[in-house]
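Which chain is which? They are A, B and C, in the order written, and residues in each are numbered from 1.
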Amino acid sequence: MPDLVRMSSIPRHAFFGYWQKVTLILLGVTMACFYWADTEIIALEPWSELQRIALGFLSPDFLATEYLLEAVWQTISFALLGVAAGLLLGAPVALFYNKPLVAAACAFIRSIHELFWALLFLQVFGLSPLTGVLAIALPYGATFARVFSDILQQAPVYTLQNLPANTDKVSRYIYGRFAHVMNEIKAYVRYRFECALRSSAILGFVGMPTLGFYLESAFRQGHYHQGAALLILFIIMIGSIPYWCRAKLLPLYFIAAVWLLPDITTIDGSLVWRFLSDDILPPMFQSHSIDLLFNDKWRLFAQWLYDIVTEQALPGILATVLLAVAALGFSYLLALLMTTFSFKPLTGAFITRLNNFILLILRSIPEYILAYIFMLLLGPSMLPAIIALAIHNGALVAYLTARQSSTTTFSQHFNGKIDGYAYDILPRIYPNMMALLFYRFEVILRETAILGMLGVATLGFYIDSNFSEIRFNGALVLIGATALLNILIDIASRKLLVNGSLSHKPC
Amino acid sequence: MFAIKPLISMFVLLFAPSLLAATFTFTAIPDEDESQLRTRFDKVAVYLEEKLGVEVKYVPVKSYSAAVTAFRNNQVQLAWFGGLSGVQARRLVPGSDAIAQGYEDQFFKSYFIAHHSTEIIADDSFPNLNGYTFTFGSKDSTSGRLMPQFFIERNLGKRPEDIFKRIGFSGDHSRTIAQVQAGVYQVGAVNYKVWESALAAGKIDLNKVDVIWTTPTYPDYQWTVRAGVDETFGEGFKARVEAALLGMTDTDLLKSFPRKSFVPAENQDYEPIENVAKTIGLID
Amino acid sequence: MLDIIDFSLSFGDKKALDSICLSIESGEKVAIIGSSGSGKSTLIRYIYEQLQGSAAYCSQQQGLVESLSVFHNIYMGALGRNAAVYNLFNLAFPFKKPLQEVTTIANSLALDCPISQTVSQLSGGQRQRTAVGRAIYQKMPIFIGDEPFSALDPVMGKRLISLVLQQHQSVIMVLHDMDMALQHFDRVIGLRDGKKCIDTCASGLSAEMLQAFYEGSSIDTDEALGSDTIA
């Protein structure tokens, strides 16, 4: 009997572990954000427009787009060159990533969306391919630096101990550390290439000659037959990466990408200088401003900054955070559901395959298009944006987690039912899924930018407004605010994961 | 086909940047139907090439602000601007001139349209829009944003954010129509030409959405040529460009804009636009 | 060749090595024995650090690179002899000379798999032989090993130990197998709780001494000390 007594004295909450707590907090915060966010449903008669969209998908018009092959190729080419340049920038930086200053600089670069980089480079390089390639290379390089450094840190150190003592530094590094993680790095670069294809397409939204250029115009102007065709093409392109993106073909593609680069317009050094020395300064410090007393200038500057912060930055930050957190919570629910569906021993081959196909489609459709369709259905609140972000990111996390769960070894007692899944599989993949999800949060936060362009008043909305009013100074202040917000959240989410010490915590 | 050309131009670029300047580059975004931009405007380029005797190239852009940037950076020397973007461009590149406008652009106007559930009845006097949801077109559009906002502020005496329950920027006139028709927004402002061609194409159900107010007329789209083209392309080049534009009679070419014909214009025609933009704070 | 005078080392509040005095002459074959957690690995690591430059080290953890082939893993022994560019090239396109040399070593180790096979596909015994091969390929006068044959059957273990002894001037090795220590080595050092308890020539080591040595130490299975974290 003493044993029984001892057992019953263990409190229930002792079984409530780390991941249960994280999950509960996540859901709680999501509910709060969802409550505060503007989620009113407004649309009254969306059916005629939705019918037109549906008709577009039923009879896509592949011939409506001019220079279609060129656009497809440019999409691939920018992605390829962008990733290559990103590797050149990021791989060496990964070696110094432990220096706080380097890490901070990378976090800053990463936190600015490709679209904003493109908008900035547009002012300097114009519509040259350099704008597109750099807009991908810079944030991707910063991401490579961080991820490579993380991966390299996990490389076992024992090999180094066994190497001859007089081995030179380079060989030591390559054989002793890099060789360990080579496959992991290869897989990551491959995954980032898929991301880069999406980024490259999206750069079309601001004028790069990629698929997005035509896709955005077609959807914006209601040419749904053309838009549907472009979207289908884009999904096929992403879905077929394993077939056309072979390691052996890459050098060939790369040479072709350099060879077929569109015209590089002249880069005028004076433009770069003017942009850096004048355009981005606050209006009262610009060269064409009227002469003012030194003190007046600073007073005006304070006023100008105050207005931007209170009228644009703060409301923008609030909307961005509400939107992103609500989207994160729904991404979690969706990812959990979809991961379960794509576990073959549980749901069978047919459902798994169907689910994987749906995942491909959902993660390939740009959030922008999803948000537009939901906007017609639900009205112009934050709700369409939340759902669009949740679908896209939930599908992506589910896709990545499902890849893991399909290789997870489970016990032979697995009963093929949902309870078996919850006991046997879920605990094994859950930490990884949560880590992916929290990593995605950084991305969700950045992606709210695109939805800002659709009219949801996130920071992206105000940045876009400043660019369209040709106010680079204001845009820059807001981009700085965006970066700061991203960095803060990055630090917080890292703390959360480190405190939970991901690798050691059981579920 | 596009393999050799960029390579050559890259060499040209490396060794003789001055040669490139001999290409006269222009851009244009029509106010409706942005499909097949290059195919359509390459024809215009061919026409200009014939008339001007220099190589002419068309560059597609995505937005008015992108067009202004390209103009400012001398990547295009001629642009078909909206009223507001033209003003912005000429302020950024002093010495640039408006040389022609569309026939319709002399007396352009915007329509205010409303969903039937609002039960606002069309009238000559400005409707009371307090408390409705409202969508503009794109942020930098003259007919979809600048002028409507100006008339709203002048007639109701308040900033739009104090009048409307919710404000949106649909990004495009066609989308403004689609959204008001779907009831996503109750009221919207739209370019009159886009409304009329959508109506003709049968995309509008007048039982669901209709015009409730028409703005007074104002000048809109115009061709602006960059300062310094005479130095680059020879004396009298600007006048030749103007003559070529005004002499464009081929309806196939004019359809791309779409305009009936082009008529002379000058910078001061657009002073009202500049003043309006200053009034509502879109330019300093 | 090596003189250690009154050396101590602790991890936290636990003493890993306690005032060790030890000198080893060139040409000696030394076996280090002791129960788990007695500080053997810490000591051998320390010895290696003192002899770096003239010794090849084969650690208990092996440190093989899973994604590389057997050839490349063994070739890593030659990294110090060759220029960085040569090493990098060899990673992508193996050169003839090292291919031949590594094949010879693999044969002498009785590695029964093709040397192009990746390490992740090897059995435990094959891995251990690959790790030994890497150390041999360093071609150093001294071999320092930390239980390099623990996963091999006794016959194979004996064969390899003869090979190692024959190829090196001096050998210092942590061993699990007492018979092997007595049979092949001329000096035995016993550690208990970080202290040197035995240091004698192998022929002078009696069964009673061994008995006393092992009984005196409680069987300590606590591996938490992590004797290899010294680096």
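Definition applied: contacts are C-beta pairs under 8 Å (C-beta built on N, C-alpha and C of every residue); 3 or more make two chains touch, one makes a residue touch a chain.
Every value quoted in this text rests on a predicted model; they were computed, and no experiment measured them.
**Student:** Touching both subunit A and subunit B: give me those chains, sorted by label.
**Tutor:** Per touch definition, common to subunit A and subunit B: zero chains.
**Student:** Centre to centre, using CA atoms, which chain is the farthest one from subunit C?
**Tutor:** B
**Student:** Just how far, in Å, is the C-alpha centre of subunit B from the one of subunit A?
**Tutor:** 33
**Student:** Calculate how many whole Å lie between the centre of subunit A and the centre of subunit C, each centre taken as the average of the chain's C-alpha atoms.
**Tutor:** Subunit A and subunit C have C-alpha centres separated by 48 Å.
**Student:** Please report how many Å separate the Cα centroid of subunit B from that of subunit C, as a whole number.
**Tutor:** 79
**Student:** Which residues belonging to subunit B are in contact with no fewer than two other chains?
**Tutor:** Subunit B, residues with two or more chain partners: not present.
**Student:** Inside the complex, what are the residues of subunit B that reach subunit A?
**Tutor:** The touching residues are 2-3, 5-7, 9-10, 13, 17, 20, 32-39, 59-66, 68-70, 73-75, 88, 92, 115, 117, 133, 135, 138-140, 166, 168-172, 174-175, 178-179, 181-185, 203, 205, 208, 282-284.
**Student:** List the residues on subunit C that touch subunit A in their complex, please.
**Tutor:** Residue positions touching the partner: 45, 52-53, 55-59, 61-68, 72, 76-84, 87-88, 91, 131, 134-135, 138, 140, 228, 231.
**Student:** Could you pull out which subunit A residues touch subunit C in their complex?
**Tutor:** Subunit A reaches subunit C through residues 156-172, 174-176, 179-180, 182-183.
**Student:** What residues on subunit A touch subunit B, complex-wise?
**Tutor:** Residue positions touching the partner: 42-46, 48-49, 64-67, 70, 122-123, 126-127, 204-207, 209, 213, 216-218, 220-223, 226, 259-266, 268, 271, 283, 375-376, 379-380, 453-455, 464-465, 467-470.
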